[in-house]
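Two complexes are shown next, each including chain A; its partner changes from chain B in the first to chain C in the second.
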Partner chain A sequence: MSRALPVVTVLAGIVAIWYAAAVWMNATWAFDQAERAGQTVTWAEVIPQTMDQARPLLPPPHQVGAELWKGLFGQAVTSKRSLVYHAFVTFKGTMTGFGLGIVVGVLLAVAIVRFRVMDMSVMPWAIISQTIPIVALAPMIITLSSQLGLTGRDIPKAVIAAYLSFFPVLVSMVKGLRSPDQMQLDLLRTYGASDAQTFLKLRLPASMPYFFASLKVAVAASLVGTIVGELPTGAIEGLGARMLIGSQFGEPLIMWASLFAAAILAGILILVVGLIERIAGRRMGVRA
Partner chain B sequence: MKDTVSQPVIEAKGLNLVFQTADGPVQALKDVNLTINQGDFVSFIGPSGCGKTTFLRCIAALEHPTGGTLIVNGMTPDEARQKRAYGYVFQAAGLYPWRTIAGNIRLPLEIMGFPKAEQDQRIERVLELVELKGFGKKFPWQLSGGMQQRASIARALAFDADILLMDEPFGALDEIVRDRLNEEVLKLWARTGKTIGFVTHSIPEAVYLSTKIVVMSPRPGRITDVIDSPLPKERPLDIRDSREFIEIAHRVREGLRAGHHDD
Partner chain C sequence: MTALWLAITVWLAAWALNVRLAGSGIAQTRLGRILVPLIFGVTVLVLWEGLVRGLNVAPVILPAPSAIAAKIATSLPVLWQDFAQTILKGAIPGFLIGAGAAFLTAIAVDRSPFLQRGLLPIGNFVAALPIVGLAPILVMWFGFDWQSKAAVVVVMVFFPLLVNIVAGLQASDRMQRDLMATWGASYWQSLLKLRLPAAMPFVFNGLKIASTLALIGAIVAEFFGSPVYGMGFRISTEVGRLGLDMVWAEIAVAALAGSVLYGLISLIERWVTFWHPSQRH
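Right, the complex of A and B next:
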C-alpha cells in the first residue's frame, strides 16, 4: 500500500495536467466553431465540448481509454482493426530483433574481451553506430533489403530492432566479462585452469547481473526499433503502421490508442524480463 | 610425515625478483635463501612491502623470479602447479556468490576433472575437516566472514595438495574469530600433516602457529631472521602466556625493528 501511494499520486497529477491541457488545446476549435456560427460562448459552455470531439488536437484520457478498449476488445483479435493483432505483429518483430541483438551483442563482447585487437577495432565502431539517428537509417535498411530481394518486412524490421538492442548488451557484457578481480583470476591460475574454463566458470557467470540489467534496456530499444521500422514506406501491419495511419488520416484517437498499446507492450516485456532475471537470480544465489 | 628425516619441499637459493614499474625497477625480493621441510608450518612476517606475499606467490608460480632458483617438490613452481602441488588461500575468501558452499569447493575438482562421485566424497570430507558439515547447500552470503574463510580453506584442501599456502587468510577477521581459526588451523595441520606457508603481519599469530618463523624487511624485500620455534606441537591457546612464547615474540619484534633501522 505504501508503495502504491506515490505512484497513484503521480498518476493523478499527470491525468489532471492532461485534462487541463486537453481543455486548453481543444477549446480553440470550439471557439472557432462558435464564431463561424456567429455565436458567443462562455468557457463554461466550451469545456464540455472539449471532452468529446471526433478529431481533437489532444484527446482527453477518457477518450483515449475508450478507443484503446475498443481497439483491444472491440473485435476479434484477428481483425485488422484490432490493436491486439497489430501489437502481436510488433511483438514478433521486437522478439526477433531482441534475439538477434542479444546474439550479436554477446558474441561481440566475448570477442572484444578475448582479443585485444577486437577491442581496439570494433568497440569504436559500435559506439559510432549508435550516434546515427535510427529514423535516418531505417528507410535505408528497408530499401536495401528489398534490393536484396527480401519482399517481407520481417527481416528489415528485425535488423533495425537489433541495431538498437545489441549495443546495451554489448557494453554491459564487456563490463561484466571483465568484472572478476585479480584475486579470482589468480585463484583459477593456481588450479591450472585453461582459458576456456576461466571463461565458462568465472567470467560468464560473473557477467550475468550485467547481462540482465542490459536486457531491460535492450528489450525497450528493440520495441522502439521495430516501431520505427514499421513507420516508413507503407507498412500496413504493426503498431507503428497504426500510428502512421492515425497521423496521416487525421485520426488522433487511433494514434494515441496505438501509442498506449505500445507503452503497455513495453511494460509487459520489461516485466517479463524482470521475472526471468529474478528466477535466474534465485538459482544463482542472489540474496532474496 | 613422521619426525624422521624431513625432506625439503621448498628450496629457494639466491632468489631475486625485480618488478619493472613506471617509477623504475623495484626490488621485491633480494637474495632470498630458504628451505622448507616436509610438514613444516612456516610463517612469513614483516611490514608491507617486505616481499612476504611476493615470495608466497613465487612458490605458487603466480610471480616469476628474475634470478636464483626455486624448487617446489623437486620441480619448478610451474611444473609443481600442473601437478597440483599446493592449495592457495587468499586474504579474502573469494567464494563465488553464484555457487553454494559445496559448489565453491567443487570448483577446483571440476577444473581438475575428478569424477562426480569422488567430487561429492571429497566435498563431504573437507567440509567436515573445517567444521562446516551441513553448510554445503548454503550460499556464501548466508555465512559469517569466519565461516566463509573456513570454506575457502576447505576449497584449497579439496584436491589433496601436500602444500597449503595461506596469504594473510585471517587478516580481515576480528581477534576472537581469528583466535578460534588459528586453533583450528593447528588442528588441521596436525591431522593432515601438510606443509603450510602462512603470511601474516601479526606477531602472536606467527609465533602461535609456526615451527619456523621467517622475519622479513622491506626495500629491498629480504629475510632478516629465521627462527625455529622450540614450542611443542601441541599448543593450547594459553601457551601464549608462557615464557618461551614471549621470548620468541620478543626475538621476532627485534628482527622487525632491525629491519626498519636499515632505512
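Right, the complex of A and C next:
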C-alpha cells in the first residue's frame, strides 16, 4: 500500500491538471458559440459545456474513457471499429518485429564477441544506425517492398520494429557474453573445454540476465516502431492507422482512444515480458 | 556483371585487410580504432554500388550511392532549407525546452521523496509509450509550422530525461551525503556541489537517448502537415513521386545530423564527467 499511495497521488494530480487544461482549451469554442448566438455567458455556464463537446480540442478524461470503453467492449472484437481488432493487428506487427530484432541482435552479438574484427568494424556502425531516424525510412521501406512484389503492410512494419528493437538486445548481449570473469574462463580452460563448450556452458548462461533485462526495452521499442510504421504510410489497420484516421477526419476522440489503447498494449507487453523474465530467472536459480 | 564481381573482390580484399588490422598491434591505437570501421563502411558502399550496377537495379528500388551523392551535390539549397526547418527550428528548440522542463521538474520534486516515488514508475511507463502518436494532436493544436514540431519533440524527450535525472539525483552514496551534512552544507550547497555532479552520467545518458527521439519526433510530425519544405515533408512527397535519390539524400542528411548531435553530446559529456570511470581510458 505504501508503494501505491504516491503513484495514485501523482495520477490524481495529472487528472486534475488534465481537467483544468480541458476547461481552459475548450472554453474558447464555447465562448465563440455563445458570441455567435449573441449571448453572453459566464464561466459557470461554460464549464459544463467544455465537458461534452463532440470535437473538443482536448477531450476531458471521462470522454476519452467512454470512447475507449466503447472501442474495446462496444462491439464484437472482429468489427473494424473495435480497438481490440486494431490492437491485435499492431500486436502481430510488434511480435514479428520483436522476434526478428531478437534474432538479429543475438546473432550479431555472438559474432561480435567471437570475432575481434566484427567487434571493431560492426559495433561503431550499429551505434550510428540508431542515430538515424528510422521513421525517415518508413515510407521508403513500404515502396521498396511493394516494388519487390511484397504486398501487405506486415513486412515493412516488422522491419521498422526490428530495426528499433535489435539494438538494446545487441548491446546487452555483448555485455552479457563478456560478463564471465577471467577466473571462470581460466577454470574452463583447465577443464580443457573447447571454444564451443565455453560458449554454451559459461558465456550463454551468464548472459541470460542481461538478455531478459534488454527484452523489456526491446518490446517497448518494437511497439513504437510498429505504430510509427502504421502512422505515415496510409495503413488502414492497426492503432497507428486509427490515430491517422482520427487526425484526417478531425475526430480527436478516436485519436485519444487509440493512443490510450496503445498505452494499455504497451503496459501489457512490458508486464508479460517482466513475468517471463522472473520465471526464467527462477528456473535458472536467480535468488529473488 | 563485371561491376558486381569487382565490388565483391574489393569487399573480400578489404575484409581480409580488416581481419589483419584487427589482429595486429594497430588495433590498439586510436588510428586503428577509426580505420577499421571506416574501411568497413566504405566497402559497404562499394558493395552497394556494385550490386546496383551489376544487377541493373532500377533507381526506383535502390539508387546507387554515386547517384545519391550527385543528387546531394545538385540540391544543396533545398537540403539546407529542409534541414533548417526540421532540425534547427523543430528538433533543437524542442530538445532544449524539453530538457529544461525535465530538469526543472526533477529539481522541483527532489525535496519530496513521496512525489518521486509516485513520479518514477509513471515516468518510466510513459517513457516506454509510443508518444509519437501525439504528433497528429499537437499538429492540430499548434498549426503546421515548426511550433508543432518543437511541441512533439518536447513531449517525446521530457519523460525519458525526467526519469534519468530523478534517478541520477539519487545516485550519490549515503557516505558522501553524510560528509556534506557534517560539513554543515545547506540543501542547495549539497545539491550543487555533490548531487548534481553525481547525477551527470545519468543526465547525459538521457540526453543521448533524447537526441535520437528529437529527430524522430520532428520528422514524423511533418508527415501530419507542414509547410512545403522540411525533411519529413520532402521524404513523404518524394516517395510519392518515386524520387528515391532525393529520399536517400534526406536520409543521409538526417543520419549526419543525428550522428553530429550524438557526438556533440558525447563531447560535452567527456568534458563534464571527466571524473567518471567510463571516461578514463
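The criterion applied here is as follows: the second predicted complex is superposed on the first by the 288 of 288 C-alpha atoms of A that agree within 3 Å, B and C clash if a C-alpha of one lies under 4 Å from a C-alpha of the other, contacts with A are read in each partner's own complex, and residues count from 1 in each chain.
Everything below uses one rule, namely that a residue touches a chain if its C-beta (ideal position, glycine included) is under 8 Å from a C-beta of that chain, and two chains touch if they have at least 3 such contacts.
This structure is a prediction, so every number in the text was calculated from the model and none was measured.
Steric overlap between chain B and chain C is absent once the structures are superposed on chain A; the two fit side by side.
Contacts of A:243 after superposition on the shared chain: chain C is touched, whereas chain B is not.
Contact with neither chain B nor chain C is seen for A:15 once the two complexes are overlaid on the shared chain.
Shared-chain residue A:121: touches chain C; no touch with chain B.
By the document's definition of touching, of the two partners only chain C reaches A:3; chain B does not. Legend: residue contacts after superposition of the two complexes on their common chain; A:103 is shown touching neither chain B nor chain C.
Set against each other, chain B and chain C differ in how many residues of chain A they touch, and the higher count belongs to C.
Rounded to the nearest 10, the superposed model shows the Cα centres of chain B and chain C diverging by 80 degrees about the centre of chain A. Looking at the shared chain after the overlay, A:276 reaches neither chain B nor chain C. Once the two complexes are overlaid on the shared chain, A:54 sits clear of chain B and of chain C alike. In the superposed model, A:143 lies in contact with chain C only, and not with chain B. By the touch criterion defined above, A:189 reaches chain B but does not reach chain C. This overlay, made by fitting chain A, leaves chain B and chain C with a least C-alpha separation of 12 Å. Common to the chain B-facing and chain C-facing surfaces of chain A is no residue whatsoever.
Residue ranges on chain B touching chain A, taken from their complex, read 60, 62, 81-82, 84, 86-88, 90-92, 94, 96-100, 107-108, 110-112, 139-141. Against chain B, the residues of chain A that register as touching in their complex are 183-184, 186-193, 197, 201-202, 205-206, 208, 284-287.
Interface residues of chain C, counted against chain A in their complex, comprise 15, 18-19, 21-23, 27, 32-33, 36-37, 39-41, 58, 60-62, 114-119, 121-122, 125, 128-130, 132-137, 139-141, 211-212, 215-216, 219-220, 223-224, 231-232, 235-236, 239, 242, 244, 247-248, 250-251, 254-255, 258-259, 261-262.
Of all the residues in chain A, the ones that touch chain C in their complex are 3, 5-11, 14, 57, 116-117, 119-125, 128, 130-137, 139-140, 143-144, 147-148, 217, 220, 223-224, 227-228, 231-232, 239-240, 243-244, 246-247, 250, 252, 255-256, 258-259, 262-263, 266-267, 270.
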